[in-house]
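Below is one structure. I have some questions about it.
Labels A, B, C and D are assigned to the chains in the order they are written; within every chain, residues are numbered from 1.
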Amino acid sequence: MVRVAIIGASGYTGLEAIEILLRHPQAELTYLTALPEECGPAAEVFGQLRGRLDMPIEPLDMNKLAEKAEAVLCCLPHKVSMGFVPKLLAAGLKVVDFSADYRLRDAAVYEKYYVPHTDKENLAHAVYGLPEMNRKQIPSARLIANPGCFPTGALLALLPVLREGLIQPKGIIVNAVTGVSGGGKNPSPVFHFPAMNENLLPYGVGTHRHMPEMEQVASDAAGKPVEILFQPHVGPFDRGILSSVYGEPAKAVTSAQLLELYRSFYQNEPFVQVLSKPPALKHVAKSNYCHLFPTVVKGRLVIFSAIDNLIKGASGQAIQNLNLLYGFEETLGLK
Amino acid sequence: MVRVAIIGASGYTGLEAIEILLRHPQAELTYLTALPEECGPAAEVFGQLRGRLDMPIEPLDMNKLAEKAEAVLCCLPHKVSMGFVPKLLAAGLKVVDFSADYRLRDAAVYEKYYVPHTDKENLAHAVYGLPEMNRKQIPSARLIANPGCFPTGALLALLPVLREGLIQPKGIIVNAVTGVSGGGKNPSPVFHFPAMNENLLPYGVGTHRHMPEMEQVASDAAGKPVEILFQPHVGPFDRGILSSVYGEPAKAVTSAQLLELYRSFYQNEPFVQVLSKPPALKHVAKSNYCHLFPTVVKGRLVIFSAIDNLIKGASGQAIQNLNLLYGFEETLGLK
Amino acid sequence: MVRVAIIGASGYTGLEAIEILLRHPQAELTYLTALPEECGPAAEVFGQLRGRLDMPIEPLDMNKLAEKAEAVLCCLPHKVSMGFVPKLLAAGLKVVDFSADYRLRDAAVYEKYYVPHTDKENLAHAVYGLPEMNRKQIPSARLIANPGCFPTGALLALLPVLREGLIQPKGIIVNAVTGVSGGGKNPSPVFHFPAMNENLLPYGVGTHRHMPEMEQVASDAAGKPVEILFQPHVGPFDRGILSSVYGEPAKAVTSAQLLELYRSFYQNEPFVQVLSKPPALKHVAKSNYCHLFPTVVKGRLVIFSAIDNLIKGASGQAIQNLNLLYGFEETLGLK
Amino acid sequence: MVRVAIIGASGYTGLEAIEILLRHPQAELTYLTALPEECGPAAEVFGQLRGRLDMPIEPLDMNKLAEKAEAVLCCLPHKVSMGFVPKLLAAGLKVVDFSADYRLRDAAVYEKYYVPHTDKENLAHAVYGLPEMNRKQIPSARLIANPGCFPTGALLALLPVLREGLIQPKGIIVNAVTGVSGGGKNPSPVFHFPAMNENLLPYGVGTHRHMPEMEQVASDAAGKPVEILFQPHVGPFDRGILSSVYGEPAKAVTSAQLLELYRSFYQNEPFVQVLSKPPALKHVAKSNYCHLFPTVVKGRLVIFSAIDNLIKGASGQAIQNLNLLYGFEETLGLK
């Protein structure tokens, strides 16, 4: 049994993590924190928790945290996170960090897309928490950088062909559409219901911060530099990311061969399902699964990937990592 | 040809009014104003207007206004409106006011639900702009109080039985569901897409400001005090108000008789359609029509009413009033 | 451990029941049946189940059923159900029936709203499975009539005032809005996405079959005949029923007293939450909870009730009943 | 004044065409036909038309048609259309055909994706009705092949770079998401509200019939063979197509140069707006406009295009073509 705290518990990923931990047989939720103005009984902050969780969300107290928990899900935004993580690690806690702060191995790349990095020491030891790629390194880590939602969907689509050298490392396009929960809990004009409903729009054209993250991990997987053009869109639904990935094959391959490769590559993965038809976003909503459909169209690789952005793209994957960290069955709380 | 200005043009009712005026053969849109921070080219403020309207929305300049327009659609919120309307009238303009400031004849009632009334003089001369009730008084008015969205839907449902004395004046229930555009353009936690999508909730329980408005007008129509329990809800769609109205008959009536009464009562109304089956909100979206279905269930009157909250419930009705004010065909720009 | 079969597993309630049973520590899902044309691997029929359930949905074989299961969730529609239930009972199985066939004690009422009743014998012994009302009778039953979705929401709103004699037995209005999943899985013009999206409409005016069910159970609870005007609507969302209930108090009561009564009445109920503010449908989605808000407006009782139509209104309540039937903790699989 | 009939008026494109013609100052709607089972008063078939159009939709009578109309909007599906068009032309009518039957100049390509072509004679004379490309040929045509919805959005995105030789003719990717109205009015499991709501899915992978249409027209525009990988998706909203188009530049170009090219290319087009930021689908809903945003990301051309699939992608464009056919102002009824 591991005692788990959630820092930054008042947002959407916090709620998802709470819900999963309430079902988890080996993890006990012991402490929830948030900014003072977002505190209160968890069941008031999230009406969904009424009758299910009698625990406050309270301002962070490091002593209390160290006393109450062994592991921390750190759901803070980038920049804020690296202000806290060193203290959490110093207090002997294991940390799964949801922010981007420990995902980009190269601090220079981080600083280009984000802000100056203030915790390069721990950055050096963080493990990128994509279990399908780094399952061996995760158990011995003390700091897991939980992958971004878009990178999770795109990388699961690309891993088999990257590993097998079956895709050209240039010219890969990731066209993705996310549900609005991906934009977080803070109201804004663009996500106001009458603005977003019945709408669909591209954003972050050429500038989205998940692009360098994808490229770094894809390059690691391929063993050579990989260039990805990532284009996010947001659509009028709550949850999920559908990624449509296009690339040039490095050698001729048929749809049947590609499908077989993906099935073989992912055959032991508990949360990746390889389909023989296009996925539907709704089939992965509220689940930790990734549904993939790889095929060949006009000689090009076309791979579709569907995940829930808040589960496999955030809190579910974090708990999958937690399970690995503590030697639990990887699927606990997640099936 | 009448030259029309819109004050407070940057909100949802402003956009609807602009769209209608662009189609109007006898009205010319000449001046658009808003708060400084909401100004800019109309086609930037509303992407829908690109290529269709080359006009700025600019801070209000009273001299410019008086020069450019004969009539004003005043789309300001309550309290703000009564600060401007006296000046508009003093400048010789005719005004259709969208706020609640001139709807409640009794300033004491207004002050109970809103704020102290600062323009009782003009209040005394304002005409409540529900054409189906006050078509005769509207043409000679200088200040029209454009009805609230919920009152429009509820009153059109009730007018025939109120006028005919067919409904008990106590115990009337108006259960209404509005689309989210009814809450305006400002982002808020409750109308944030991931909060409002797939949601439905009651609000303003016992306190909604449209309740006294309904009661005043219903009492006028009945010629005696009418009491209405009005309960609004908001649902996950952009536009429209569906009102389900329940009341006790004052004397026995069959469904067929009731339907016949409504058909007869509204037979010359250009924008009221009496159906012999329940209305669908989507059939009135983007239109100035009201669809009604009156029937009797277990001896009770049950009347359904569907309108578009932004058109018949606001900007469409305002232009219907404008047409009456200027002696135009009542349906110009609206069919 | 109880072995459970689902008959009629290919619809929405079937999927919900499967999902709950997969999480249930004391129930084992052993057999799934449907009409031949709806059979296949469960993970093909429901893409959501990929990787989570490796079991076919197959045509019903009574011998196989009797061998594989002790308890049956019978998710068949009315009329079809009473063709099978006698055989299930004869085979010694305990049955939770989702249809209307065993809900109306008085076969004459059933026959007025449905079809001739062909199993009056078992009808006489069926227990209406609303645990908040019949918790004592349920454990010893062999046939549970699982309540309808609308009656569940409405009755939980009304039980306290009916039991306490605080509401007039005439003139009760239940205005309810359901999500589209309430209409089942079969495509139809009215539930075609472009027809239903951005829409809201009343239906079943004066004729809905859940009206006599509500009246029977409400009358039982009150100990005298209760008359309810029930008006359903369907809105553009997947799940949930929001009921807005209006009634006359039998004696003067304040909002505070009413709230206190509800809190006291439901204090030991694991799935009923009494709120001091209006409920939001989204807070009960995917859960077995009912959120209630009782208040007084203008001297009338106004009670809001929110449930998930497929969970507390169907499959969740069925498993709550199953837990009671087998002496399990009532909340197993449901929290 | 031209008298216009609509054949196949009972579907979504029929309704849109009716609505536009009701506002059109030079066209008179005189005759509406559909299959017998879809006939009835137009205001019954489409509740939106109540009070606005008093005309039946009736089974087609060729004599009546020839007598009542000069021009026909033929909203029939492919294969059916080419059974009627020869008769319409023989009767001296001008025809704007919504089907695919006259879009693919090469009957062999048509027959590969559709069915045997039975009217090659008229196929030879049909003009592809994309005014931005064929404005000169349209006025003298007797048969206009109205473009498909996806090709309209994609081709408007590509025309400038195709014409200028700025894009490589191979490797173009068109990733598009359509609203559900694109799938027509017939209910189906995939477009059942609870299936499609909160969903997003790719379809027609490698096989969509709009792919050869795009390639033919793009090749015409480029003056050489162009290969396009077109991948459609459908999302949970009513209207609109957002196309995200990716291609290799044929020579180096900056974002600013590309934007300037598009502005210049489309400067006189009444319905194409070139933006300096990504378009939002909602801004073109219910309009005949196309919003484009061309840019360069990592050396690749990325062009976003937003249209309303039923207006610019069907009925609006048809009436734009009708205006050209009759020498009317091109924007009549459409602004």
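Criterion: a contact is a pair of C-beta atoms (placed from the backbone, for glycine too) under 8 Å apart; a residue touches a chain by one contact, two chains touch by 3 or more.
Because the structure is predicted, anything quoted here is derived from the model rather than measured.
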Message = More than half of A-C's contact pairs recur, by residue number, in one of C-D, B-D or A-D. Which one?
response = B-D
Ask   = Where are there more C-beta contacts: B-C or A-B?
value = B-C
Ask   = Going by the average position of its CA atoms, which chain sits the greatest distance from subunit A?
value = B
Inquiry  = Report the inter-centroid distance (CA atoms only) between subunit A and subunit B in whole Å.
reply    = 46
Query = Per the centroid of Cα atoms for each chain, what is the distance between subunit B and subunit D, given in Å?
reply = 37
Key: Between subunit C and subunit B, distance of the C-alpha-averaged centres to the nearest whole Å   = 39
Key: Interface hub residues of subunit B, defined as touching at least two other chains   = 179, 197-198, 236-238, 279-280, 282, 285
Request  = Report the residues of subunit B in contact with subunit D in the complex, numbered from low to high.
outcome  = 22-23, 47-48, 50-52, 198, 270-271, 273, 275, 279-280, 282-287, 289, 291, 335
Message = Please output the residues of subunit B touching subunit A within their complex, sorted ascending.
response = 12, 179-181, 185-189, 191-194, 196-198, 236-238
Message = Which residues of subunit A touch subunit D once you look at their complex with the stated criterion?
response = 171, 173, 175, 177, 179, 195, 197-203, 205-206, 227, 229, 231, 233, 235-240, 242, 244, 246, 278-282, 285, 293, 295, 297-298, 300, 302, 304
